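The same chain A turns up in both complexes below, where it pairs with chain B and then with chain C.
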Partner chain A sequence: MALASGRRPWTFYALSAFFALFVLFLYGPMISLLILSFQGPSGALDFPLRHPSFIWFRAIVHPTGNGDIIGAFSRSLPLALIVMMLTMLISVTAGFAFRRRFHGSALLFYLTIASLIAPGLVLSIGILVMFRFLGLPATWYGSALGAHLSWTLPFGLLIMFSVLGRLDPSYEEAAHDLGAGRWRTVRDVVLPIVLPGIIAVALFGFTLSYDEFPRTWLTAGTKNTLPLEIWTMLTNVTSPVLYALGTVTTGFSFFLIAVALGSIVLIRRRRSARR
Partner chain B sequence: MTETLLTATRTAARPAARASGEIRLIDVTKSFSPGSYAVREINLTIPDGCYCCLLGPSGCGKTTILRMIAGHETPTAGEISIGGHSVLGLPPGRRGTAMMFQSYALFPHLSVLDNVAFYLKMRGIRRDERRRQARAMLERVQLDHLRDRMPAQLSGGQQQRVALARSLITNPRVLLLDEPLSALDEFLRLRMRGELKSLQTELGITFVHVTHTQPEAIALADLVVVMETGQIEQAASAAAIFDRPATPYVARFMGGQNVLTGRVMQLADARPRLESSEGWIFELPAAPAPPAGATVSVAIRRDRVALSRHDSRGNSVPPNAIAGSVEATEYQGSYFKVTLNVGMKHAFVANVSDTAFAAEPVAAGDVVLASWRAEHVHVLSRPDLGDAGVPYLDTTE
Partner chain C sequence: MSGKSSWIPYLQVTPLVLVLLLFFVVPIALVVIVSFFRYQMLTGLTPAFTFASYLDFLSNPTTWWLYFSTLKFTLIVLVLTFVIGFWIAYFLVFHVRSLIIAMGLFLVCTVPFWTSDIIRMIAWRPVLGREGLINDALVSSGVVSHPLSWLLYSNFSVILAYVYLDTLFMIVPIFNSMARIDRALLEVAVDAGASRWAAIRDIVLPLSKTGIALGALFVVTLVMGDFFVINVMSGGLAGSAMTGMANDLQVLNYPRAAANAVILLVIVLLIASGIFRLVDVRRELVR
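What follows is the complex of A and B.
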């Protein structure tokens, strides 16, 4: 690490520059968006910022021909919550099933993971065609829900693999040794130990669904989800209300992450405080 | 070290009428995949109240035996009983055994107190009552002041005490310990070794302790079971194992022994003798006399060997001696370990007391004669075929 001469190799500067670029491309747009969402009424879609105001935030809540943001949110939120619950339930139970090698487990695993490779738009078209063929209407709570799960479940399963891979089987054996049955072992030992991982699965399920565009595009039916609504607005509306919306949704995502991390910390603290 | 593992008195230990902790394994075989055996046809009786060490290199099946007694593995064939009753089919929690895992397996999400109280919680005992009992147990291992800590906040030695307390609160008749000292540093290991022994003496229950370290087994066990590739090589007291190893493998694995092999010579009246392929002659004890012509291996303790300078020109080697050149000398405190090259596959080692060494010092390159008295020759139950000495480990501490 610390060389005697104090000089760093050239790779240090090359990699630092690369990381700086990474940060610039990740946070630069977000920060620009954040600043421009406070654009004044006379301001344009880009810099400079003139007469900062909250006018575009107000425009989200009181739509004036800017699209149905509230309506889209009222579909995106429950959809993301349903996807989250199902992803959590299925990934966790499937993860436990995969702990034991069963006949065809490898094939089943690759079949699941393959949906990460399938192009989202193509899948979206395919689902629409399939639903048409079956004579079913495309809805956000039907075809779009299935499309989202095809995206979130492999992620959830992969996370559970890494979480359960680190779970030492001797915890369960110790629980059995101390007189715990199968169910008590799961409830009192296994679940609490892997809870942070389960929260991570939930968070992934939620955020992947909440901002999913390609797989929702053709499967959501006549009513838009939030990413679709934003896309529609982009093609019609050109006002900083898009930036305000971006700021609000980004803030909402950060808020969710904070809630998830906070709940992990809180669980830990309550455990050590519960005497 | 004033701190000891248990501060409670013997009377607090256990009610007088306690279930027997005698463990019996009859023809126990465990196979994880067809055609290969983790352990094969094991027959072993561990008496009630015995400190038993299962000793062997990794992969010899010692942990598999422990796990089968605990109920974490099911034997492929055979019978396991504890206290005269078969435990096959019983879940681990109903065998009267408690296991201390190598990793300790303390539940990371529970405090020290809740870890110890876990067994009582599973039995539906009220919270304040189980806390009271768990605290009493923690006081016995002198960790009550750490009861609100989480396991990750404890040192290795403290974690081990918690694991011990968590096992003992189940009031077991058998305590199973899987490499309990391997995660500790040298200082703590020696200290905990002493504490485990006094704990076993105090509780009077059966301890089964898996280890790959010979000094640990010799220091602790009433019964040492030396294992190799799924089978028991010898099960006997530590002194018997060390002094009178049954097989070349045990002799080499326990260390402290030299193994020599030869053919029994045809002799009418005198002591039976062995002649090695190098032409050396070793006298055997008078009885039991092996048949002439048989290949026999013997063990000679390193500390029974005397060294003297040897002039190889023209001087023949007398019986009960071999000649070789000194490869290395190593000072060990109370003795010198002298390694000789005698032209065999294994080096010949003599442990020479510091006074004897001072009287006649040797150095690398010297040609010496290593000799011993005939009564120090111990005949092994089977000849050394050369394949048994692989996991050769030294017992020097």
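What follows is the complex of A and C.
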């Protein structure tokens, strides 16, 4: 055991090495993709890197038979933003409901879990059939949006459970006893505690939608989202433009993660400074 | 809470209920209904109540082979992700003394989760390919004379990709469970003469069972419901239970695809309810 003090046991070193290997396993391939996206015009998909250049990044913007990446992005971004907003609103309000007893709470809980574990393709078949029956076309802003919500809401709710589990009801009672109204209690007591969790819900909502493949495949209709476009490129394109695209989207994801984590840290710091 | 406000929770869950009804309950019900429809080439679907699609599906030997292969992959990936996830979480919670460093390392493990799965799979190409990094290193160091061909587009690369993509789903819940374990418990056990291994087996393992159950639930459903990792990483050579469904959809045989979907859904839900019977996940989550 690693106790509070004393010499480190040998297991510490063994597990440290194991952890380092795991991190290498996680990031190694991504780093090699990053390096090879600067491949020269020779266009080799493997190492070594020859005559480093930016030509494959330029190829993303000027599509020459590489598919419609800009168009796909212009659908994936608003879709992810809408899913993010809805996931935030719906899972935060529902999360608060679960702090009290209500009829059907167990059923709703298991329904949410079932929605989480149902295979994405199975669900997309159902959604596609439903839209056919209704005589509606499958679109990224209709059927795909709903398919994404069935996947992001369970995640949002699970995060809200863990956040609200830390919100002791006695804080609100104390605020009430001190004469705070309901709105003031929410603003000054509840919100500062749950805000980092809400940002986490937003990050999950955005990225899960932005990267989702199985639930979009059948439901997006005729216009591709970004993951669908990359999937098509996998079979058609055999140049490092795939790596360049991977570098750009990964960079975009890292930027979002940094913004989300940065704002969580900022909120925490401001809260502790006020005390 | 006062009785007057008791209708509020119902109002709060209404949006969630509506979305789940519209985009989960109704679609799944439709899949079940369509699986009993009649399918004929050229004419397409006719509403009916027939088990023809189920019989057609179950009498096909490929079905059994694909399901067997999917279960095999699921089991292997489950074991690997559990072993890796458990020790990574254990290291972070019990061996890293500074909380800030532990949280930082935890984030290092979780960041890839928020990036694209497809891109992360593509990233293995220059590593595992015939002229990839590993083969280059093996050949130039003289370990092998010819590049290994089973590194990419094989069962090996499929399992590797599953472990690569899904281990995070094990680490996060197990980490959460372990972080709640009172360290004093372990100190007492060690002081009382328990070996390090006994403390892990009798204290850490039982107390992190909720996390293990949740992680297993994630990994089982991700691997069983997958068709695109296996497609990309096996180069189209291997298939999953879902591959048959995707093929049926392309020839518009919706009833057989739906029958396959229903069977897979039943298997996944049976496994999930088995896990929930072993561990009361709900009581741990909603408190």
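One rule holds for everything that comes next: the second predicted complex is superposed on the first by the 242 of 275 C-alpha atoms of A that agree within 3 Å, B and C clash if a C-alpha of one lies under 4 Å from a C-alpha of the other, contacts with A are read in each partner's own complex, and residues count from 1 in each chain.
We take it that a contact is a pair of C-beta atoms (placed from the backbone, for glycine too) under 8 Å apart; a residue touches a chain by one contact, two chains touch by 3 or more.
Only a predicted model underlies this, so the values are computations on that prediction, with no experimental measurement involved.
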Using the superposition on chain A, decide if chain B and chain C clash or fit. fit
Once the shared chain is lined up, is A:Phe213 touching chain B (first), chain C (second), both, or neither of them? second
In the overlay, answer first, second, both or neither for which of chain B and chain C A:Asp68 touches. neither
Please work out whether A:Phe102 is in contact with chain B alone, chain C alone, both, or neither, and reply first, second, both or neither. second
Between chain B and chain C, more residues of chain A are touched by C
Give one of first, second, both or neither to describe whether A:Phe25 is in contact with chain B, with chain C, with both, or with none. second
Would you please give the vertex angle at the Cα centre of chain A, with arms pointing to the Cα centres of chain B and chain C, as a multiple of 10°? 90
Once both structures are overlaid on their shared chain, how near does any Cα of chain B get to a Cα of chain C? Whole angstrom is fine. 8
Across the two complexes, what residues of chain A are contacted by chain B and by chain C? none
Contacting residues of chain B [partner chain A, same complex]: 70-72, 91-94, 97-99, 101-103, 105, 107-111, 113, 118-119, 121-123, 148, 150, 166-167, 170
Chain A residues touching chain B in their complex are 168, 170-171, 173-181, 184, 188-189, 192-193, 195, 271-272, 275
Interfacial residue positions of chain A with respect to chain C in the complex: 1-4, 8-9, 11-12, 15-16, 18-19, 22-23, 25-30, 32-33, 36, 45-47, 89-91, 93-94, 96-98, 100, 102, 105-106, 108-123, 125-127, 129-130, 133, 146-147, 149-150, 153, 157-158, 161-162, 165, 203, 207, 210-211, 213-214, 218, 227, 230-231, 234, 242-243, 245-246, 249-250, 253-254, 256-257, 261
For the complex, give me every residue of chain C touching chain A. 1, 6, 8-10, 12-13, 15-17, 19-20, 22-31, 34, 84, 87-88, 90-92, 94-95, 97, 105, 107-109, 111-112, 114-120, 122-127, 129, 131-133, 136, 164, 167, 176, 183, 186-187, 190, 196, 199, 217-218, 221, 224-228, 232, 242, 245-246, 249, 254, 257-258, 261, 264-265, 268-269, 272, 282, 285-287
